[in-house]
Amino acid sequence: MEATSLNLADIQKIAEQEVDFERAYKYRINVCCSSGCVPLGALKVLKAFEDAVKELGVEKECKVARTGCPGTCAVGPAVMIEPGDYLYQNVTPEKAREIVRDHVVLGLPVKEMLYKNEAFYKKQQRLVLRNAGKIDPQRIQDYIAMGGYSAIVKCLATMTPQGVIYEVSTSGLRGRGGAGFPTGQKWGLVARAHSKPKYIVANLDEGDPGVFANRTLAEADPHAILEGMLIAAYAIGAEKGYLYIRSEYPLAIQTLQKAIAQARSISLLGDNILETGFKFDVELRFGAGAFVAGEETAILASVEGRRAMPRPRPPYPANSGLWGKPTLIQNVETLANIPLIIQNGGVWFSKIGTPRCTGTKCFSLTGKTKNPGLIEVPMGITLREVVFDIGGGVPEGRKFKAVLVGGPSGGCLPDTLLELPVDYDSLTRVGAIMGSGGIVVLDDKSCMVDTAKFFTEFCVDESCGRCTPCRAGLIRIKEIFDGITQGDARVEDITTLEKAGVYIRDASLCGLGQTAPNPVLTTLRYFKDEYLEHIQDKKCRAGKCFKNKEEEV
Amino acid sequence: MQVTEKTKVATIWLSGCSGCHMSFLDQDELLLELAKKIKVVYSPIMDIKKFPENVDVTLIEGAVANEEQLEMLKEARAQTKILIALGDCAVTGNVTALRNAWRDSDKLALEKAYVENTDKNAQVPTDVPKLLKKVHPLHQVVKVDYFIPGCPPSASVINYVLTELLSGRTPNMEGKSKYG
Amino acid sequence: MSTDDKRRLALEKSMKEHNYEESALLEILHRAQEIYGYLDKELLMDIAQSLHLPPSHVFGVATFYSYFKLKRPGQHVITGCLGTACYVKGVDEIMRAIEKEYNIKRGESTPDGKLSLLVTRCIGACAMAPAIVVDDEMIAKATKEVVLQKIKEVLGGDKPESR
Amino acid sequence: MGDAIVTLKIDGVEVHVPEGTMILKAAKDNGIIIPTLCNLEGLTPYGGCRLCLVEISGSPKLFAACITPVSSGMEVTTQSEKLKEYRKMAVQLLLAEKSHVCSVCVANDHCELQSLANELGVDHTMFERNFTKEEIDSTHDFLVIDRNRCILCTRCIRVCDEIEGVHTLDLRMRGKDAQIIMDLDNKWVNSCSCTSCRKCAKVCPVGAIYIEGEPVGHTKHKEIAEFITERRQRKCK
């Protein structure tokens, strides 16, 4: 992009131009090229569409765009044709030509290839993922055309920082990183802190196995994150932001790098943003494979180039964060909500979801589900709706057994809790957590003891080693699990598991340790009979355990 | 319990150095007091072959390292009302369990002792009880009612625990749990 | 200029870009691993000296994060995803099959350095679980047979030395 | 730290301490001893061992006294059944983590972990004890590290960095694999930064770092906190 210095009005102009430009096309073919679809051949499909459009002479009326993920990872490569949001599944390069011919040239959608799962989208409410799968994440104009960056313009032109914080507080938005701290309150704390400079750290260190919501967001709509950071920076008075991202996400990194460069090139980042004198810039920082770095004090240590060991609080990062300066740490999903709140008002947002947990939440739906993928649902939706309506239930005619909510330190919930509304408080009450939004469905072929053991192993590997309960306790739990799954355990071991689990939960220094026993404690709470079966009868009803004893010795 | 009927006490020596038994004997004149209340029915310092039935209290020194000891411990547990782990080996495994750090330590231990570190007639004996894969403290194998750590435990702590138990009280081990 | 010098120059450039700031240690370790493939002690000492950091601090950081490799990886690298979704869908059995076939354990390389078997916690391909990455190519919805076949292919004719 | 004085209650006793004081210190200055392992006056508090957990009324959570500053009107409980059980649990976990065989340890009778187990009445561990074969490095002229006894309190790392100022020691790996290292995980004799100042041995609460040929009791006979404070002052001048 050639323009260098824009002012507030120019954003509106770009948007209008872009809309006009888009209007020239009758059709728009969005090919999902996110990390999910690329391994399935999405880039070849993209090329095939481009060729087919040229070959069939419809390049003037049909635009082929490379977009982010529409969420239906199960049926990739996925291609969406607008208008009408026709979603084609399992598209191959061979099918591309057929689709262009029938749908674009003849105007007849190819019914057999369409994604036929209405419920998947029907129960969703896509706010954070508003642009996912619809815009080209590599073109800032696409984002602007969808109303992007109009929120920061609104802030700069008409709102005071206090006004922005007020709006965010009104919205009731809570941090999406897991703990659910009220966002507006957090911003107020940093804004009121005296010392300077102030920093923002955007957390994209999605370490939970089985969770890919933040990655998809970054790959599909990177500017939404950047705009959220800009607004936050304006509100709290920060001049520098760090976006901490997992290095295992190469495509997301690339997309963000490009987005930052584009934003800089039209003075949406830099020393004099949109000629208002507002100054803010973003730097990427790369994680290196440490789950604990998602913890808010550990991420600070990591951004400072140290071992990602959580440190005690107080002092809280709001007063003493990066290099001892006031720092706002925010998950990227939280940030992506911000532009919408500014555009539509906090009151509008507060009406979505439930009164105590407003808005929506993205979940990665995986495991034994018919429709794995990325979904976004209003807070308060029931687990049943997520698992059976959106997820389509359990495949291969198996029986639903449990659903794991909240990643490796979440809780395993049985079918009796399916009517539970999904929100921070309800989940905590039953021993699970929102975490970073992983929902894994387990069927009757899954062993609950084995599952709890798997998560404990994960937490053992990821423990930083600073505090006794987490470092020395989790490994003991894991060893007891080894005994149970190899037929070498006593009934008293269950008591030991419970005692150790409760101790680790209560006595650990940081969130990782405090939540790590959740899978153990919830499976003990809801599936104790399976533990007893393993210990007393040496029987695993799922047929998973007691297999490998000889091998491991 | 009739006044005339003394509490039946047994002591067992598993994998340990006998130091705990020495400490037991170190109660000196307090032993005389004890003797008024207890009758030792089985002990390595007595010549009794079979572990008796209906024992009230059994003190066990040493960890469980071989199959014979495992059987002995189970037998003792079955016949005893109150079983006490005496000393660090019985409570933690202690020095005897150091071999647990090695894989196949049962074979390794014998080879080290009988082959590598001997000049004459180097061979692994076949007439010793089979070693267990790992050395276990007592409470990993059977239920243990009380623990007296120490290497060896001091005579006064042993006396304290026994006196408390004989008076029907539960010993409080705070300040009396010194390992080593 | 030798390859070594070129690499050193590239590393130096990266450090300079970051003003030799100690807070850029992670970035520089990333870059160094990109350039050299892995981080050996000599390299870590070099970085420590350039950034004026205690060597133990640099070593502590490099070993804290599982992404950094201190040993030279094998010519061919198989990475199994041990994320939740992959585990639920049975990646463990596939890994076991590879371990058995090549007599190698997770996290190890064959003695001749031909093959490394690594695990990672989630590559984010959860909807296509189980996922195994063979030399940068991801096998989605992997099965034992497909993976073993693929490994055979990338190895060509030669069978790696087993332990 | 300001001059303001904060009034709070510890175990029902009203105490007055300067603002910013940690609960642990406030308690100690008023004669209430809270057990600790990783804490050492004069070094940056670490909050790792979790022995000094206390209850603060109004919160369901537990707080590590060494890293929680006092605040006005706070009501702290340092002794309760739950806290005692949790302290015993921490000691049990540490005892079970590595080969803590007191009878053959140089620090026998001078070990803070051993005496805590004694005081708290940890007469056994509910977990199987681990016997480890971590590396013992005795290459240094007189300093020895036996990693099988290390409880990762990091006092040695902190004293090396904050008082001696050389940062020879640090941690490698993480979690259960974490270990104390010298420089680039070198043998001690090859350390390029170690000044052989012996501070690490003096602050080690267990027998993990010790001076060869010198009884541990002798190494540690001097009040460590005093020693460090004195060093600190000397440094300031």
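Each chain carries a letter (A, B, C and D) given by its place in the written order, and its residues are counted from 1.
The criterion applied here is as follows: contacts are C-beta pairs under 8 Å (C-beta built on N, C-alpha and C of every residue); 3 or more make two chains touch, one makes a residue touch a chain.
Model, not experiment: these values are computed from the prediction.
**Student:** Count the C-beta pairs in contact for A-C and for B-D, then report the pair with the higher count.
**Tutor:** Between A-C and B-D, the larger count of C-beta pairs in contact belongs to A-C.
**Student:** Can you give the whole-Å distance between the Cα centres of chain A and chain C?
**Tutor:** Comparing mean C-alpha positions, chain C is 25 Å from chain A.
**Student:** With chain centres taken as the means of their Cα atoms, state the distance from chain B to chain D in Å.
**Tutor:** Roughly 34 Å separates the two chain centres.
**Student:** For chain A versus chain B, what separation do you get between their C-alpha means, in angstrom?
**Tutor:** The mean C-alpha positions of chain A and chain B differ by 57 Å.
**Student:** Find the geometric centre of each of chain C and chain D from their Cα atoms only, then give the gap between the two centres in Å, rounded to an integer.
**Tutor:** 36
**Student:** Where in chain D do residues touch two or more other chains at once?
**Tutor:** Residues 128, 171, 173-174 of chain D touch two or more partner chains.
**Student:** Among the residues of chain C, pick out those that touch two or more other chains and give their numbers.
**Tutor:** 57, 60, 64 - these are the residues of chain C that touch more than one other chain.
**Student:** Residues touching two or more other chains, restricted to chain A: which are they?
**Tutor:** Residues 290, 307, 461-462, 464 of chain A touch two or more partner chains.
**Student:** Please give all chain pairs that are in touch with each other.
**Tutor:** Final set of chain pairs in contact is A-C, A-D, B-D, C-D.
**Student:** Within their complex, state which residues of chain A touch chain C.
**Tutor:** 35-36, 39-40, 73-74, 76, 206-212, 215, 247-249, 285-291, 302-308, 323, 364, 366-368, 372-373, 404, 407-408, 438, 440, 442, 446, 451, 454-455, 458, 461-462, 464, 548, 551
**Student:** Considering only the defined contacts, which chain D positions touch chain C in the complex?
**Tutor:** The touching residues are 161, 166-174, 181-185, 192-193.
**Student:** Write out the stretch or stretches of chain C touching chain D in their complex.
**Tutor:** Touch residues, chain C against chain D: 41, 44-45, 48, 54-60, 63-64.
**Student:** Give the list of chain D residues in touch with chain A in this complex.
**Tutor:** For chain D paired with chain A, touching residues are 45-50, 53, 61-62, 64, 67-69, 86, 89-90, 93-94, 96-97, 126-128, 152, 171, 173-178.
**Student:** Under the definition above, what is the set of chain B residues touching chain D in their complex?
**Tutor:** Interface residues on chain B, with respect to chain D: 85, 88, 91-95, 97-102, 137, 139-140, 144, 146-149, 151, 172-180.
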